[in-house]
Amino acid sequence: MEHSAVAVFAVSGVLAARGKRIDLFGALVLALVTAFGGGTARDLLLGDLPVAWIRDATLLLTATATAVVGFFMVPVVEVPGRLLVFADACGLALVTIIGTEKALGLGAAPTIAITLGVVTGVAGGILRDVLVGEIPLVFRRDTNLYATAALCGAAVFVALESWLPGREVSAPAGAAVILGLRLAAIRWKIVLPELR
Amino acid sequence: MEHSAVAVFAVSGVLAARGKRIDLFGALVLALVTAFGGGTARDLLLGDLPVAWIRDATLLLTATATAVVGFFMVPVVEVPGRLLVFADACGLALVTIIGTEKALGLGAAPTIAITLGVVTGVAGGILRDVLVGEIPLVFRRDTNLYATAALCGAAVFVALESWLPGREVSAPAGAAVILGLRLAAIRWKIVLPELR
Amino acid sequence: MEHSAVAVFAVSGVLAARGKRIDLFGALVLALVTAFGGGTARDLLLGDLPVAWIRDATLLLTATATAVVGFFMVPVVEVPGRLLVFADACGLALVTIIGTEKALGLGAAPTIAITLGVVTGVAGGILRDVLVGEIPLVFRRDTNLYATAALCGAAVFVALESWLPGREVSAPAGAAVILGLRLAAIRWKIVLPELR
């Protein structure tokens, strides 16, 4: 499960390199930063070190292999944009719930666990955008609900965990809220207010 | 005290979102990054983990509430620029001294403690500016003394602490130096040399 | 040895401030970030805290002194570009091998140790470029092999260490590979493929 989220985020990192005269290494770094940025931020903030991808070297392998394959396939294969958006929404749902769960498990307060879940879900994409010199996509109104979807799903997960601990119900429910809200927001162009 | 500094910095984060098509969530992240960036950097570098705002969830509450209120008030209420600058200078003074003191307390050498004090004071603003795609304000000549004021005040604090330990004298004196230098630099346009 | 690498990287940080209306303090921060960014990232990821430059205050002294001297000399003294490139390549070689070795010593798997060696070598420059609003130099095709040279040298070092532990052979060999590849790539304009 975690490996598939890592792969999806790695592809989104490679895609950010398009049109910017970035070489294979740059694309690889963008892939790794997008894939591991969120989990790394969470582990650093919690002090759970070394961070996850340093302890489990297979994650690095998955991200690197995906990035290299993606690098050479991007110019050749036409992947439908909708598929990418759907895969990314699944990755967001998965990674946010994993992050929230980990923070709860390490004793974080509910509001902190929700925040760290959102950090896990969105920090990689923020770093990716900063590295290519753009204002992060998740900050922008026209992205539709993204972090907000993660926030709602993480909150549902934490609430259900306190009622029915054990993750069998809470984890799928939280992930479904994220996926559903994200896709609905894209479909019906739901946006947050913007600062005038 | 710390909560008021958090609130001031959170407002400066929200204000950075103006005119950039950033939505409520983006403004909230900018507020949190500005408010907690410096302390987070300090705690990470020192290895004092989990970082402060993870241990004390009330800080997150203060920053979030301030950011949300600020988001909806910014377009409506006209706050005088001078008040913002004064509040920010107070925040800088407070946060720098708290950061220096914490580093000293964890056994850092004097030069390191001063450096970490400055990091605590300015890193949040640097991150805020990077996230909206601008060269950090504190690097720029026309900002007048900002980090330099923090540096001098932190040095005064460390020097006084070695003479008269106990913070009763050293902390207010260090903070006064920062506030005084910062306001004097704005008033009389004192600047550092620029790289030609 | 480490101090000379710190000095070389600090100069590259100061040079990044040219033409951007950045003052002495901004140039100093850029110098410190470039000099310590890589080692700080490595120590954070590994959880070896406080980070190196906090434990050994002489490193901060070296970087600060170099940055201040460099700041006032840059507009006056004409340093040949080739010398800067050569010094930077030496710094990259040294810092990458030190980083790889440290990660191995803390029990990281070979692929992770190589990755952390590259992080140690290039993260400072990436942060420097992000802080002045540019796409990192190491991501760009026209930089010729940079991180790739670091990667190959770190891999050679790790491979030789497993055969002939003790660093007498492996460390100079790994560093020589980095230096040789980097200089050869510049001389013969060797580049990685770019994403079309």
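A, B and C are the chain letters, set down in written order, and residue numbers restart from 1 in every chain.
Operating definition for what follows: contacts are C-beta pairs under 8 Å (C-beta built on N, C-alpha and C of every residue); 3 or more make two chains touch, one makes a residue touch a chain.
Just so it is clear, the model here is predicted, and its values are computed rather than measured.
Contact topology of the protein chains: fully connected, every pair of chains touching.
Homomeric contact subunit B/subunit C is classed as different-residue, with under half of its interface positions used by both copies.
Note on chain placement: the centre of subunit B and the centre of subunit C lie 29 Å apart, centres being C-alpha means.
Counting only residues that touch two or more partner chains, subunit C has 44, 47, 49, 130, 133.
Residue ranges on subunit A touching subunit B, taken from their complex, read 44-47, 49, 108-109, 111-112, 115-116, 126, 130, 133-136, 138-142, 146-148, 151, 191-196. On the side of subunit A, the complex with subunit C involves touching residues 14, 17-18, 20-27, 29-30, 40, 44, 47, 49-51, 54, 57, 60-61, 71, 74-75, 130-133.
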